[in-house]
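Supplied in structure tokens, the structure appears directly below.
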Amino acid sequence: MSGLELFNVFILVFLVVAAVIALRVKDLLIASVVFGIYSFLMCLLWAEMGAVDVAFTEAAVGAGVSAVFLIATVFNVKRDSSD
Amino acid sequence: MRKLAVAVVVLTGGLLLYAATDFAAWGDPESPASDSDVSKHFIAETGVDTEVPNMVTAVLADYRGFDTMFETVVIFIAGIAILAILKLTGKDATKTPGKRKDEVDDAPDLIVTHTVRLLVPIIQLFAFYVLAHGHVSPGGGFQGGVIMGASFILVALAWDLPRAMDRLSVDRAILLAGVGILIYAGIGLLAMFLGGEFLDYAELSTIFPVSREMARYHAMLGVEIGVAFTVTTVMFAIYASLSSKGRLEGGL
Amino acid sequence: MEVIQDTRPLIALLAPFVGVVGIVWAGEKRANLRETITLLTGIFQASVVLSMIPLVLADNVIEFHVWQIFTNVPLLLRVDGFGITFAAVASVLWIATSLYSIGYMRGLHEHAQTRFYTFFAISMSATMGVAFSANLLTIYFFYEMLSVSTFPLVTHMQNKEARTGGRTYLSYLLFTSLCLLLPALSWCYVWLDGGAVTMDFLADTGKISFFSSHTQLVLLLLFTFGFAKAGLMPVHSWLPNAMVAPTPVSALLHAVAVVKVGVFCVIRVYSDVFGIDLLRGLDGERIMIWIACATILISSLIALSQDNLKRRLAFSTIGQLGYVVLGATLATKQGMGGAVLHIAMHACGKITLFFCAGAIFVASGKKYVSQLRGLGRKMPFTMGAFLIGSLSVIGLPPLGGFISKWYLALGALDGGYFWVVVVLLVSSMLNVFYLLPVAVTAFFRDRDEEEDEDGKGMKEAPWQCVIPLTCTALGCFGLFFFSDVLLQLAGLGH
Amino acid sequence: MSENSIALIFACPLFGAVLCTFLGGAKRALCHPVAVVSLGGALWGGIETLRRVVASESHEISYLLGGWTLDSYPRGVGIEFRADLLGTLIMLVVIGVAFLVALYSKLTVSEETPEKEGPFYTLFLLQVTGLAGICLTGDAFNLYVLIEVAALTGYGLIAMGSARAAAATFNYVILGTIGASFYLLGVGYLYMKTGTLNMVGIQEVIVQQDLADSATMQVAFVFIGLGILIKMAFFPFHAWLPNAYSHAPTSTSCLLAPLVTKVMIYVMIRMTLTVFGVDFSFEETLWTKLLPWLVVVAIVCAATMALAQRDLKKMLTYLIVAEVGYMVGGVWIYNYYGLVGSIFHVISDACMTLCLFLGAGIILRKVGTSHFDGLKGLFRRMPLTMTGFFVGGFSIIGLPPTCGFFSKWYLITGGMLAERWEYVVALLFSTMVMVVLFFRLIERIHLAVKESGEEFGHGHGDLDLPENETRFDEAPLSMLIPLLLSAAVVLLIGIYNQDVVNLVESFLEPLNLPKGTDR
Amino acid sequence: MFGEDGGLLRELLVERFNYCIYVVLLLIGLYAMIAKNNLIKKLIGMSIFQTAIILFYVSLGVKEGASIPIYKPEHDPHGHHAEDHADHKPKDANASSSASADAHDDHHEVQALTDEQTRQYANPLPHVLMLTAIVVGVATLGVALAVVQRIYRAYGTIEEDEVMKAIMEESQGIPSTKGSPKSKKGASKKRKAKKA
């Protein structure tokens, strides 16, 4: 396996981990932030796959604005979740 | 619910994996998706048709410009819908909101505000760069617009919403979002009135002194600006609405 | 046979609608005007229908193409002998009923009279439509129209009883027509060349032989029970339930128009869709005779036990409808003729009986047979007419009922069903048992003393009621003597 | 200008929407006329397009957006709008219904969602843009974008109402997103195998390369099918619909209820006939064997649930779910009559559902509730409204000569021809349920049966309802006229069904569907 | 595909690891959308679900050894020559105003890429599609979050079961006893009154 492939596998594994954490933590603020991390990993993956425009957009939209929207809502409702 | 979810997940997963066995090999340039006339046309002839080096931008704004127009419309819809859903009317609107329990200090943090003061112009400059340079490098109207919108959001985060709204009030933001759509659809309509189909930018060459290819090139910039207008304003409007429970005042 | 294109069938069909506009416009406030319009409409319609009789007698059919239902199936109106017989009976009796309803409704100070007249007129239009239909789909259209437009009439009283009655009425009729008739129709439509065969009564008789005889029998059953208005057992119980309606409705619709539409459709299917020859050759066709005979006998037995006069008449109607269906199922020329004749004869007789029942109710408020003692002396015209009507329904000469029963018996013999003749005789005896006692009670039993108390001021019903019922009673005699015309008309279609 | 009539169809509402946004602040009152006028423009464009489609030789018009013409570029480079008879008909229904609802909405919008006229009409017009676009687009991905346009506007329109509506919207968002994403995934699979997104292009590749056995294609088919079924509220996936539509603001439910599910059925027909092709779609697979039975379950369950409702609007929403079952079943019995029935039912059901919802909206406004108890004796107060409402009801039952009869006729005929007796029985069952439902309503509305059972006078006479419950009190003209127009349309489509069916027929002709027995 | 020993597993895990991960992410998202009780968790699930599909699309555009879909200078038909010929562009416009497609044939500078050159670029089409999908995703997320806030405003909770309970109580006419702040309760009551 080349370095790039290793990097690829590394990101893929961490994506799954991030997704699971984002869905399992009880604190919605943490969940939102982890979701941002997830998006950022995704954006790295896409950049590595040659989809620079998509990666750029995901960085701005997914990791940036989406997470902010989530956090804004979490602040306005409540932070703790039952699951 | 959980059992149902597991059942759905197992079924869906089974189907997906079943399909995955039939996929073309990873990164195979001969795969039908990469080897079809359409895909090849985008790579081989974008430069010929539009003179835009960034194929993604060309496909986005020209070949599939109609999609992108509706994508902009989707953003616009989101802005309108969120404002409408959260908007308070009648007596509710005039009532002052109760203080939140965890609200400690209204004064914006000095370090943060100073940093943001420095950052915002740079971010906005970068947004313009991304927008304008989208033809030759990654970027374009969406990315530029989101970054621009983020700069306003940053202002709102660092100080408070009214401070950001001084620069771009939500009412005006929605108007500008409409202007963005008008720019996009207007260019399409102009092309139509000049004798082509809707969004046939090449027809613009009949009124501007450029070749048909360059007409497409410039019109793409035009529509990207339209997109950027909408995205910038709507992103900020959504944030403003979500962060203030639709009251459009105070901060997070 | 010549085909004449003429708009008269359509005029007869639309006349009631024009009447409806006038009736609604006149409304509750101008009651006299409203009822004049009703009467005029009835007279106009009847005269249009009657004016077509000479043409039909001269071996013509009158057609009018309205619009195209499906690619090959038109909504086609056609006047032939059978149709005009029925149309003439219904439209002439409508005049009588209109006059009668005026007396009845005013006498009882009924509410929502405008609604009553409106839907009555619409029902008549639908009845004309059925009579003049040229193919199965056209008939289906008007059949459904009739079901829906009579619903407000049945539930006219707007009390719980009316609601129950209305629900039974509608659920029977719509259930059978939507679940049995509609599939049968579309079945025919698909297999007979995707509508190239339109099930036209004139052109496509016997085309159903395309199906296997097994399928034919299923279709026959679907059609017979699909037209539940024919009241064949076991889909008969809507009819006694519909008796909650005001008596003019029971008289015209549930003794003449609606139920006769049912048997009319059944005869149409038997004689013009299957055709006599095909029907005779059909193996299971005998089942239908049994069902018809069973209906006749069972309903007569039930009628015996009914004390409510209208209910008794309703069960009698079911039995008489059985005769008509029986005539059709015999699959002989005489049988068919008898069936057609019986439509007219029974119509005249039964409407008289219902008119009388209504008149009794208006005059005395009595509903039950046991309450009628001594009424004959107070209401001689009414009870006299009742006697004549009873005798006609029983089938004694010189009354109309005799002729039709005679032809039915002839048809049964012709078809080789001797036992059917026995059934006819037995049922006639039963008719005697449940109809005559009414008149006998009224004329020959004395009133109780306390009944006399509240019956002091009792007199004959309003003249608007008495005149029609006298006329129809006389009509029973008339039909006996003019049965030739009817026979000629009935014979033409076949 | 005529050759650009297709562009008019989406451009008019689009510009109208932006204009409504501009007017939303200070001149709210102008939003309504703007909406009506722009839909009028779209309607004109739609009729013009239909005229051209009928006149054209192949009965279809291709409109290549961006000028990426087929003679100089490969098919699928640009986005194509293909107006064939099917799409144009449905599009016309969409715009027509929207036009009537726009006329109708004037009062309800300002009453139910005060100060939100601007956003309401903006979303309303964009919804129409999306739905009309769905009917015409010839590009699988563009279809996804348009579906999302329609979905997002739908979320906004519904959630704008009460809190209850917002709660229902959330389910709608979740299920709608799953549906749309499944569709997107399926399109991805299609693209992976065929390399194009153009519907005709995909079909060409499938035929050329004989992809019918490919696992990817099968899964793509299932995912696209599932996605659309979820979107159209097919029975097990219907959970979002009844609450969302019955709690939405009146004008919203009047717009969405007749159109959204129907347009999704159109998408299903389009996918099966145009994209995958009849040979692929109706091949004997587990899916094609399972679906007709699901349809039966769907119809029976939805009809039964409708029977249990005591609220008019809610009952109507369950009827929509049952009707969806009809149409899906009609497609999957796979023969000429079934498809004609389905397509005709899409058209007629849109009209009759519109009629019923417009009527229910008036009742809600006048009585304040749409619960059955409030309906007593309404006929006296609003005879015209109730007549219009009854026409819709008769049509849903399937009484001639309303359009509902004809669509049901074709569906039953198709079911019999394919010998799918279970489907025919389910249809008849639900028909009976509808008879019960509507005559129960008619009983209340028209006859107002006296519950106490005591007799007045001779057992006759008037019900002693208070004066204010019997006074003539008809709905305002701005609501009444659209209702009566829609009732007239229900009747007219029924009476002129042949003209519609002929159009559908010439669309189906090249497909060589099984039709009748050969004798 | 089932030919060799453990062929399927090997193929899925090693050669199609990317495809596998997209399936896993998609299922995680789907599960969360259905099974999670918290509305915001559902929405996070929804976003994961959508990005998984985007990942799948992007995977379609990947080509072995290909570069990003932006012309390298040597392939760009107008790259560094563009300025040299800028002066006679208007002339071209006149010449080619009728037939745009044929314009490039007689334009000696501008040439389409050969097949060999085409292979050096990743397929741009999936990227374009996914730009749209991302935007649609964020729009949906935004609207859904607004709906969540609206629900919270009315019912004081964002747990699905509690919302259901509150709705049930509301429809049965029992005033909601959930811990919603007083001002909110008053507001929602007023809204109801207005509706009626």
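Letters A, B, C, D and E name the chains as they come in the text, with residue numbers starting at 1 for each one.
Everything below uses one rule, namely that contacts are C-beta pairs under 8 Å (C-beta built on N, C-alpha and C of every residue); 3 or more make two chains touch, one makes a residue touch a chain.
A quick note: this is a predicted structure, and the numbers were derived from the prediction, not measured.
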item: Contacts common to chain A and chain C (chain labels); value: none
item: Chain B to chain D, fewest steps along touching chains; value: 1
item: Chain-contact steps, minimal, separating chain E from chain C; value: 2
item: Which of B-E and A-B has more C-beta pairs touching across its chains; value: B-E
item: Farthest-lying chain, centroid of Cα atoms versus that of chain B; value: C
item: Chain occupying the most central position, where position means C-alpha average; value: D
item: Length of the line joining the C-alpha centres of chain A and chain B, rounded to whole Å; value: 19
item: Chain D and chain E: spacing of chain centres that average the CA atoms, whole Å; value: 27
item: Gap in Å, rounded to a whole number, between the CA centres of chain E and chain A; value: 14
item: Gap in Å, rounded to a whole number, between the CA centres of chain D and chain C; value: 43
item: Contacts with 2+ other chains: residues of chain B; value: 16, 21-23, 31, 33-34, 38-39, 42, 54, 56, 60, 64, 67, 71, 74, 77-78, 81-82, 85, 90, 138, 142, 202, 238, 242, 245
item: For chain A, residues contacting two or more additional chains; value: 52-53, 57, 61, 65, 69, 72-73, 76
item: Sites on chain C at which at least two other chains make contact; value: none
item: Interchain pairs in contact, sorted by label; value: A-B, A-E, B-D, B-E, C-D, D-E
item: Touching residues (chain side chain E, partner chain A) in the complex; value: 17-18, 21, 24-25, 28-29, 32, 36-38, 40-41, 43-45, 47-48, 51, 54-55, 58-59, 61-63, 66-70, 122, 126-128, 130-131, 134-135, 137-138, 141-142, 145, 148-149, 152, 158-159
item: Contacting residues of chain B [partner chain A, same complex]; value: 54, 56-57, 60, 130, 138-140, 142-143, 146-147, 149-150, 153, 157, 235, 238-239, 242-245, 252
item: Complex interface listing, chain A residues touching chain E; value: 8-9, 12, 15-16, 19-20, 22-23, 28, 31-32, 35, 38-39, 42, 45-46, 49-54, 57-58, 61-62, 65-66, 69-70, 72-74, 76-78, 81-83
item: Contact set on chain A toward chain B in their complex; value: 52-53, 55-57, 60-61, 64-65, 68-69, 71-73, 75-76
item: Interfacial residue positions of chain B with respect to chain E in the complex; value: 1-2, 4-6, 8-9, 12-13, 16-17, 20-23, 25-29, 31, 33-34, 38-40, 42-49, 51, 53-56, 59-60, 64, 67-68, 71, 74-75, 77-78, 81-82, 85-86, 90-92, 95, 97-98, 136-138, 142, 202, 205-206, 209-215, 238, 241-242, 245-246
